[in-house]
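Right after this note come the structures.
Shared chain: chain A. Partners: chain B in the first complex, chain C in the second.
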Partner chain A sequence: MAEALRSSDGERQPNPFIRFLWRRLAVGVVLAVVVSVVIFAATDLLPGDAAQAILGKTATPEAVEALRVQLGLDRPAVQRYGEWLGGIAQGDLGDSLSTRGPVTEAISGRVVNSLILAGLAALIMIPLSLAIGAYAGTRPGRPGDLVASGTSLVFIAVPEFVTAAFLILILAIGADLLPPVSIVAPGTSPLATPAILVLPVLTLLLASLAHNVRMVRAGVIETMHSPYVQMARLNGLSEREVVFRHGLRNALPPAVQVIALNLQWLIGGIVIVEFVFQYPGVGQLLTQAVALRDIPLVQALAILIAVLYIVINIVTDLLVVLLVPRLRTAGAS
Partner chain B sequence: MSRARRAWRAFPPPARVGLVGLVAIVLVAILGPLFAPYPPATSVGPPFAPPSAEFLLGTDNIGQDVLSRVLSGGASVLILAGLATLLAYAIGIPLGLFAGYNRGLAGGIVMRGVDVLLAIPALLLLLVLATGAGAGATILVVGIALVHVPQITRIVRAATLQTTGRAFIEAAEARGDSTARILGVEILPNISGPLLADVGVRFTGSVLLVAAVNFLGLGVQPPAVDWALMISENRSGISIQPWAVVAPAALLAALAVAVNSVADGIARIYGRSSASGEEAPA
Partner chain C sequence: MSERVAIEVRDLRIETRAGAAIVEGVDLAVERGSILGLVGESGSGKSTLALGLLGYCQAGLRIARGAVHVDGTDLLALTDAQVRSHRGRDIAYVPQDPQTALSPAQRIGEQIHRILRRHAPERDTPETVALVLQRVGLPADRDFVRRFPHQLSGGQQQRVAIAMAIACEPAVVVFDEPTTGLDVVTQARILDEIRRLSGESDVAMIYVSHDLAVVAEIADRVAVMYGGRFLEEGATADVLQRPLHPYTAGLIDAIPDHRRFAMPRGVPGVAVAVGERPAGCIFEARCALRVPNCAVEEPSLDVVLPGRAVRCFEWERTPPLARPERVEPALAGDAEPLLRIEALSAGYSAGGSTRLVLRDIDLTVARGRSVALVGESGSGKTTLARCIIGLHPPASGAIRLGGEDLAPRARQRSLDARRRIQLVFQNPYDSLNPRQPVGRQTAWPARRLRGLSSTDADGETLRLLDLLRLPARVAQRYPHELSGGERQRVAIARALAAAPDVLVCDEITSALDVSVQAAVLELLAELRSALGLSMLFISHDLGVVAAVADDVLVLDRGEICEAGPARDVLTAPSAEYTRQLVEAAPALEGSDGGGAS
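Our next item is the complex of A and B:
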């Protein structure tokens, strides 16, 4: 409000939505830069030197010192951070300590693999959770709802690697239907052997689906009790029309936020799931890099994942504003 | 006693079942080691031996007794999750009180720091810290505490903001009480409701994160015995000796469901409708 008043001194008024978009983007960029500082500091400044970690405890002080110089660790942290950030801007993420090759090379194929996994999970999860959530939410307390809500309670609670272990036992070892691990030969696409994708996607799906169903259900129950839905009923609309035209439409904005939370959760879940199934994606690489204390590789993967996280946040905010007309015209401040 | 009974009555039925289950699991974790037939971290037989009279749940990847390890492996997740949650409150409460009471630049800086922490996925923060400091229990506890700090700070700040305008605070200010005294003696007791509603959710989150990082092999290190670590260690033998995975996995699943439903119950008692709906785990 205050801002709208201030900018009315003869200049042309930008569309409030566009202004919101710019402001949100600017905050995102600042956030990304600050997060990059945190990531750099956490991997680089804490006690425990990369050179010492690479050479092990038995290394002579001279050898450690030599490697520190070679890795550039003897220079001030601020200078190294500047170079690192400059490198990122030019698409150069440095060299991996474990593969000795450029980080970009180690990452590129794996990004595609992870996107395939996350994309498939999201593609199934979003419509399915809306459908099940709406189904359960329009008949609270009835048997169909109790089954959906009860099952989702269990899958929300149980860690995904425990779910994965039981899925492997039942579907891969017991029934021998699917491969227990999802190893992909280097240079080939996981899409060439779809069977290996089933268990990882299923594991991701069970946890995130449960969470979404619960939230969509709560949203639908709330809107179905709202005055305008009662009004629509009194106007003699069919229950079907009431649910689809009025109930679901208004339950959507909160559902978008939940789905976004889940996309962010997928980022964490994918690290675990890729590790469980030995699937060659970004998450598995990150786990390996942390275990080997391959600092340049961890930094690159971390900034990649963090930026993705921030982008999902921004897109969600924009979607919610677009879905709620009231926010759209109010400039969403 | 009557207070405990009232709390029990206020608990929804699933939370009561969860509480009973949680008490049972905690007892197993504490008393289990006393009943372990073998030392839990010593090879006593061939690797991946199936269950037998000698080894009731078989042996694991390096010939350690699975039953003894299951009985000994519950304490670490409970202790680490408990410590992380306590540390989170120890950091988050003062920060939140400060940011709620000081509405100037300093309070603003605290809240911007909170925004930054919120922008980093939990598991990623833990992995980045493990890279810098080396995998281990200490950095795991500190990292999980940092994951919770933003939410706790926000809750405390919001509650503090609602309290600061009230008459007894103004009276304390007029008396010339120190800021620390006002925050600790006047405000803190009055914001315990929203804080307590949230405790179960925080602890549940801690349990899941401890388990996840231990499973990835980046938390507690062998010879430490831990349910999540056991699942990870024995994955390769899951087709020969499934019990080495099933036993710790079942207990971890039971623990997760129990703490989750208790968290729900606690949140309901302190007046919030849903606990686990608030944020996605990990």
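Our next item is the complex of A and C:
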């Protein structure tokens, strides 16, 4: 795939944006391969041996050796890496050591659950942070801004597991409005019982929203002081148009980058939040997999999360280029 | 007459929240089809006034008093929403820097459409946009309309800003230094455009500028601002020929003019700061004609001659303009070459290939001579300065100082070679260390390059500050405590502390006000004759060149297109490019009294 991308990169591409897209994709693929090497090396080569880890320190050398052969660990690492990578390319992530079934089966339901959680949080976070940021940024120092900025500072300062604990204490235990844990019965979708999603989403939202609000606010304050905003006002444009078309619009490129950082944080944050609420997503699965020494599962989840990071980065870069005419027309190199 | 008046301002006062006046007691009226020039140096309140004419204030300021009638409506008596419906429709504004004033994320056609949609929806058609663009001399095809601001040149951006201003056919257009960021040739074209628009569209225009020479080219009447007040007002030609206020006279004397080889003279003292405005005349502290009453009572702006108003008790004593002929420094008979540049080429490498910005430059600065290097921005002047002092290694060619080859990089040169060439940078706001008292900064070259002891270096600092007419206490000050002119003099003192043979001055007056610039130029002339200093003076301003240079080299896109004695090059240019520059450079028509009709 990387080959195909590179060759099309060399050919004539009339649109600089398309060329930029190909180049970023190619870099993304290379990056994913590098990450896969690191993951494989870290989990498979460095700390002893999977067979030993599974059987524990008391196992006889014979038993360990038998398991090694069974797991294919006696073959050279390069060969095993090649097989692993080839498997990934075909959608085969290997077999889980704990479930003894295909890894894909073990994680598919979990991935959907996590995507529901993170997706809901992102879906609310993005428009909300733009709205609150623009609101605060257009009235810096006034009461509305002080409340928004002050609140966001509090949530930046508090780690998400503390936020989660507080929310459980107040909304679940104190007021008894919502379930304190978000257990999903196997084989059902969390969307069937929306109430269990409220607290985890709210925790993720509060923790990630605050950063975005502050960045959007800072960007809007800056653009609202720019000569083009003054010019728009001197041209008699309505304040609405000034704020949205000139102020917020030109504050978007830096905001998009911070929002992307927070989306990536969501992926990490979800591990903790899922653990706190016992929500059956990839985060919880990952912690279990590590505890059970289920190395194929750990590798699969790690590469999945890494690819997600890379994809978010690429999408962000593209968005920024689309939002900044100077980059879009210059063919960004 | 009065229905011809498009804008009339009465007793306008704009102040800070703390109550200090930025603009005070301004009255003005401009008729349709005529241009009023507002001239002032930095801090005079001219830009604040320009915005105030649209009923607009920047954050922290407020309009405290007065009336601004535009086409009969007092903008200051309206609500915010009402004023907004007048801005852009009846009175429009053209900003100083269109590069930052055009929204980067909107196509230019879209930006014009939005103004039309807001104020004249019935005319909001692609045809109107095309027409408006054509009126300012821009192409109106689909491709151009769809461009973003960054895809235009500086001159085109300014034309777009003017197109936006005239789109709704306003009664008044306010121009706030619209050509300051442009090169002289582009500036001349934009001024032509504005003059043409004024003639054909029956608009009243107000043109704000720090540059009296530019205003002289365009305005019918001119008002001179200082400390937030009008000091003088009258027909442009009259004011330039026979200024009535001592400040106006000083300002005119300070303007270097490439058509007259006169030495500009600075206005003594420092401009009055906001909040320190005195009880009496605002100009009293710097005035040579002051009488005791000036410190007590503020003169009013009175009409003293037909069509002439002045704010001065002693206006009758203001001397007529008499600028001293430039004193040619006595030249050493032999004029032995000191700095010699031979076949120098230099460039910047980008993506594997080198783009040459200087090609085959030959240049000689003889001992005690002053050589000016003239060129537009992008002509390679600054790169040449950087090559000479060893900040930018040339691609080929030689730099010789007193017969000795200099290494391409400063750190390969001996301490003594470094000492002998010193550079003064363009911007004194960036070139001094903000965290060190300036005395430490001027002492350092003396210690490092001349090996003076710290006591001797401090003594040297005091001597140099005195030479540059800075009080000794300045040595303990930090750069931010000094004015722009003081900072630039500190920067010169720092260069002189190395006791150089050659002083390379890169646009050293371009960040300064004219009255301050004149003082710095005077000082440089004195230093040359006192110290026998050789100078390479880099500038885009032909007036400045005429004031300081013996010889001139004209740089056009990296190549020298003309060289010779200053008088010959500036009065009878032979290269086409030099001719364009000389033609385009604004100048006071001065003694022959031509100018505005």
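We adopt the following convention: the second predicted complex is superposed on the first by the 320 of 333 C-alpha atoms of A that agree within 3 Å, B and C clash if a C-alpha of one lies under 4 Å from a C-alpha of the other, contacts with A are read in each partner's own complex, and residues count from 1 in each chain.
Going forward, a contact is a pair of C-beta atoms (placed from the backbone, for glycine too) under 8 Å apart; a residue touches a chain by one contact, two chains touch by 3 or more.
Bear in mind that the values here come from a model prediction, so they are computed numbers and not experimental data.
When both complexes are superposed on chain A, chain B and chain C end up sitting side by side without clashing. When the two complexes are overlaid on their common chain A, residue A:128 makes contact with neither chain B nor chain C.
Of the two partner chains placed around the shared chain by superposition, neither chain B nor chain C is touched by A:116.
With both structures placed on the common chain, the touch criterion links A:310 to chain B but leaves chain C unconnected.
By the document's definition of touching, neither partner reaches A:171: not chain B, not chain C.
After overlaying the two complexes on the shared chain, residue contacts for A:85 are found with neither chain B nor chain C. In the superposition on chain A, A:293 contacts chain B only, with no contact to chain C. Contacts of A:227 after superposition: chain C is touched, whereas chain B is not reached.
For the superposed model, the angle subtended at the Cα centre of chain A by chain B and chain C works out to 80 degrees in steps of 10.
When both complexes are overlaid on chain A, the residue A:323 reaches chain C alone and has no touch with chain B.
Distance between chain B and chain C in the overlay is 5 Å (nearest C-alpha pair, rounded to whole angstrom). The contact sets of chain A with chain B and with chain C never meet. Chain contact summary for the complex, chain A toward chain B: residues 31, 34-35, 38-39, 42-48, 53, 153-154, 156-162, 165-166, 168-169, 173, 180, 207-208, 211, 214-215, 218, 261-262, 264-265, 267-269, 271-272, 275-276, 286-287, 289-291, 293, 295, 298, 302, 305-306, 309-310, 313.
Chain B makes touch with chain A in their complex at residues 14, 115-116, 119-125, 127-135, 204, 208, 211-212, 215-218, 228, 231-232, 235, 238-239, 242, 245-246, 249, 252-253, 256-257, 259-261, 274, 276-277, 279-282.
Note for the complex: chain A touches chain C at residues 225-228, 230-239, 241, 245-246, 249-250, 323-326, 329.
Only residues 51, 54, 56, 58-59, 84-89, 92-93, 95, 97, 100-106, 114-115, 118-119, 148, 150-151, 161, 164 of chain C touch chain A when the two sit together in their complex.
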